[in-house]
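Note that the chains are named A, B, C, D, E and F in the order they appear, and that numbering of residues resets to 1 at the start of each chain.
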């Protein structure tokens, strides 16, 4: 199976679904990470181009931990818009990787504008990758992927439908978060905490909700037609 | 695995989840059907006791098609209330069968009073079967079941989260519906249709939504702690 | 009275409200159909211009069955955006036909991007046709129309407020759907069904909900000021 | 046509739907008012029985202005519960009057406990009046009524679906409100306003929303099967 | 000012709002804690009466840390119902303490049946304490309190409106939680964690959301009439 | 403290939050009003440029009553879009004035397209004014403001969270509304009412809900991180 996560900024995938990606990886599936914007307002000292270059390098290092394919769309941070060009870029990335599962921000529940637009674009282009009359650099693919929305930053306003226990991939998630040194330095300076500190607070709460130590959580995008579960039954878990 | 469906009236389980029960049965799981009320206002000619006796017989015949265990709680039709006694009866039935999965009406989305109360009681007693200090005729069991809410009659107001393709168990569902002759006769007389006619209209629409011929659909009850999917991943299905 | 339906693609009006349009027509009202996009990705073999030409012809034939005025806006399929130009085009069409009632997709409940944008544009331009300082090719009209949102494809996520019994215009609806041969051929090839097959599944379910054989359903757009019912009372129907 | 309004307390019908009742009356329809509780905590000086007697007299005087049939169920104010007995009382009143339309509080949107329970009981008993095996003092009737929920006190939390312009029956509504002298005296003493003062503030706002001077507003109860509009079309009003 | 928190079970107040109570206490306000049920199913070894006695002692010790008045209503754990008697008990407690602010579970967002009923009863009796014709052991009071709903267990389904930074009262909250030894022993045995461990996970997440270390959160009950903020302006906080 | 209100059209701030602005002013705080569009379709006789000039003059006169700073963005009425340029204009205005509190339309509850876009842009740019790498004419400011959404026109679809009693600033609000002579003349001609007449109907209803004569109401924008109340406690008000 192939799983792609799309992040609005260079560290969102790490913060919100890296534990789940690592779990898929550990079971032998292929992973890709797509970053929409170049994170180019995230520095107190550098220029936009300088910080963008730093953040791309950090994000590539993080993706390398999972052996993930990496796509960098390079949009302007905080100014992501749904345009025909960007839709075609997203369709093209989906055609190149041909994922079975796509993880992205929730178009309806997320509150950050770049997150909302990312989720909206993924949703709006959902059925387009196999449509041959929509032209992009890559040829149409066969597959239509399943979309799952990941949690919001600080869990604000999100209502989880499905939890993934990431206790056994928690260390990998932390290593990926720690690749983002430029952000850690800044946050440490202003707030006295790192990305991993905040991520731990959120993953612990999600774990408390799911009866495990660390968890990530997701909502199903209600596509048409709607998928049935893998084995055709209800996705039940044996009692803990 | 053991699956129990609770129906407010003698034909609700058949109409709303029999295809799914049959699917579980076909894979070797154990099934039980619990009927809350005795359906004793459902006749244009008989007395309450007479129609109740007829309907119990019909419901038992229907359950027998699945080889399902059968529990008949005998409450008054259209006058189901959440009382301590009824809660204890439901807990006792759950202790006797010890299901892994429970299917019942949606406490929040259903619109029929007996359906709402059934869903509410199942929800409210969720964690009680293993609690030894809550006394009923049967001893406390070990297991806490997973709750799934089934569709509403005529699909009014329900927002499905998970679909089950019941194309291959459709005929079994029809045979079970046809056991309810007393209701079919009445409906045929007044509306010119049978239970199976209406069920086909609803199952076809749910199938259209899920990309198959016939489907039933469900919502997850958001219990605490919340379960993770059987294999620990997202409950994805390969592309149709 | 004059009734206009706006469809994002050439067959949406047929699928979602043609029975209601036929009912208005049968009572002597004037009908118009406006198609937003030219449906130019809907073919496995033709070029975009070729399939667009085919679909316009099919849509005109379908509209002709109702004797409906026909407006073809020619936007790109799957890439509909809310732009000032498109708003002005929609306002101009509304000025030309001056409808009392407008039927369109639900801006809040629909899930297809072109449907959402169509509903949004109709909503956003609601009070503009009579505003003389908003310039389009046609002069400002007098009338402000009432907006009703029609159902979604496969009834996903829609919560009906009002039903229209279309049993007596069902055959007309099927004839209109059958005009869309290019789509029927394609669907037949991939899924083994026609537009009319799917439409029947949906119309039967809506009929089941409304106590009749076939129905279509609608939600009221909550405009300001809000209209009162035609006779000033509650829109009650005599008991069936 | 026959229209019944049910009020939790002796002045609720006047405050929330009397203008609409007067409009039906003026067109020759029959009206009934049912009061659930006896309003027996509504006095700073009298005993419970004394104030209950006063309020019944006031409510009867108010109903007489419309020539309305009057039903007084006599429950305890602020302690209304959904019991089998009260359900049977409500069914019996519905059988006696056999209304086509029933107006009552919104079971989902109202916030006062007695209002919520009234709406819930009306909803829960919706299909029961014609069911012969549900026994009450009166025989089963033929008719199933349509339910409309009226506004909440002070318009808090209510989302109107349909407005009725009551400008021409406003004076009647005020006369009915003024029958409730015991409450007016008390409110005047504590807050310096009368029922009619508060009702005017609310009716003016509802009028502003509907483009007229005074209005009342309603939501449709989503019963099954759901009714179609009186003339089978959408309940449109000519442009104001 | 006087602040009362009502908890369905003996440790709920500690888990969900003790930090806020401690903050009020520290500023010189009076605190009361009311426990609805006697927590009499919460033991793997004791009888119902034995565990109830233990838990009352633990809860009193916890309340003593705040110097809080303590009310013990003694209802059956897991079987809390809205009855006239229990409403009167709650009204009486409110009359005895005459709080300005009441904290309780959210009647709409909480998911535990005893929590929902507690919130519902507090809501339903909101205006009753000053009503002289509603008789309880204590005389009617003057005051109508403000109601705030506290968080749910594990933060499931709750949408916070207002946060309170409890970093400086966190230690007090932990001491109060630790009074509940019977529950800690049990949880430690089954899950390997204490109440304070789980509470820390939840308080950290709420702190992350509010930009501080530990927080508790609340929703406003939308009573009528609705209060304005203390100083008549918007309840703004200076920038952190 | 500094308070800025943003209005989509020249009279929206007056209609929806001027009483609150006047209250802040009376307590010595600084006020600013920003108008997004130039109101250039609002005349039955003038050209777009002429009516825009008139309305700017009216809006400036109204702002002068409060001694408010005034920003006029000059966008096209009824055609407001979220563009990078407009976002930068809004950020620049926020940097110039550096407000603590911002009042604007509700991005989720408002129904007028220009109102929705205004609320959306304010929301989307929330954290940007202090971000130095986002360049506008003015330098980055230090402060991040708190956002409050004001009521909708005619109170349609808005669910208030906080009320402000504006009885004592009502006269100021009316004087400000009366500055908009061009609109009053037009409305008087068509509907026979003035802005102040409609505003009185709305402010009276909001007052009824809040237990005072005239009120305005607001919802909190759920920013991240979320603020705590000014004094760190719940924003309670002493009993009226």
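By definition in this document, a residue touches a chain if its C-beta (ideal position, glycine included) is under 8 Å from a C-beta of that chain, and two chains touch if they have at least 3 such contacts.
Since the model is a prediction, treat every value here as computed from it, not as a measurement.
Listing every chain that touches chain A and chain F alike gives C, E. With contact taken as defined at the outset, chain D and chain E are each touched by B, F. Against reference pair B-C, the listed pairs A-F, D-E or A-E yield one interface repeat, A-E (criterion: more than half of contact pairs the same by residue number). Of all chains, the one whose Cα centroid sits at the greatest distance from that of chain E is C. Annotation: 52 Å between the Cα-based centres of chain C and chain E. Distance between chain centres (mean CA atoms), chain E to chain F: 38 Å.
Shared interface positions of chain A, defined as residues touching 2 or more other chains, are 154, 156-157, 208-209, 224-226. The full set of touching chain pairs reads A-B, A-C, A-E, A-F, B-C, B-D, B-E, C-D, C-F, D-E, D-F, E-F.
Listing the residues of chain C that touch chain F in their complex gives 82, 84, 87, 123-124, 128, 131-134, 222-226. Contact residues on chain A toward chain F in their complex (touch as defined above): 40-44, 47-48, 51, 76, 78-79, 81, 111-113, 153-154, 156-157. Residues 1, 20, 23-24, 27, 100-101, 143-144, 146, 148, 160-165, 208-212, 215, 218, 220, 224-240 of chain E are the ones that touch chain F when the two sit in their complex. Interface residues of chain F facing chain D in the complex, by the touch rule stated above, are 154-157, 159, 198, 201-202, 204-205, 207-209.
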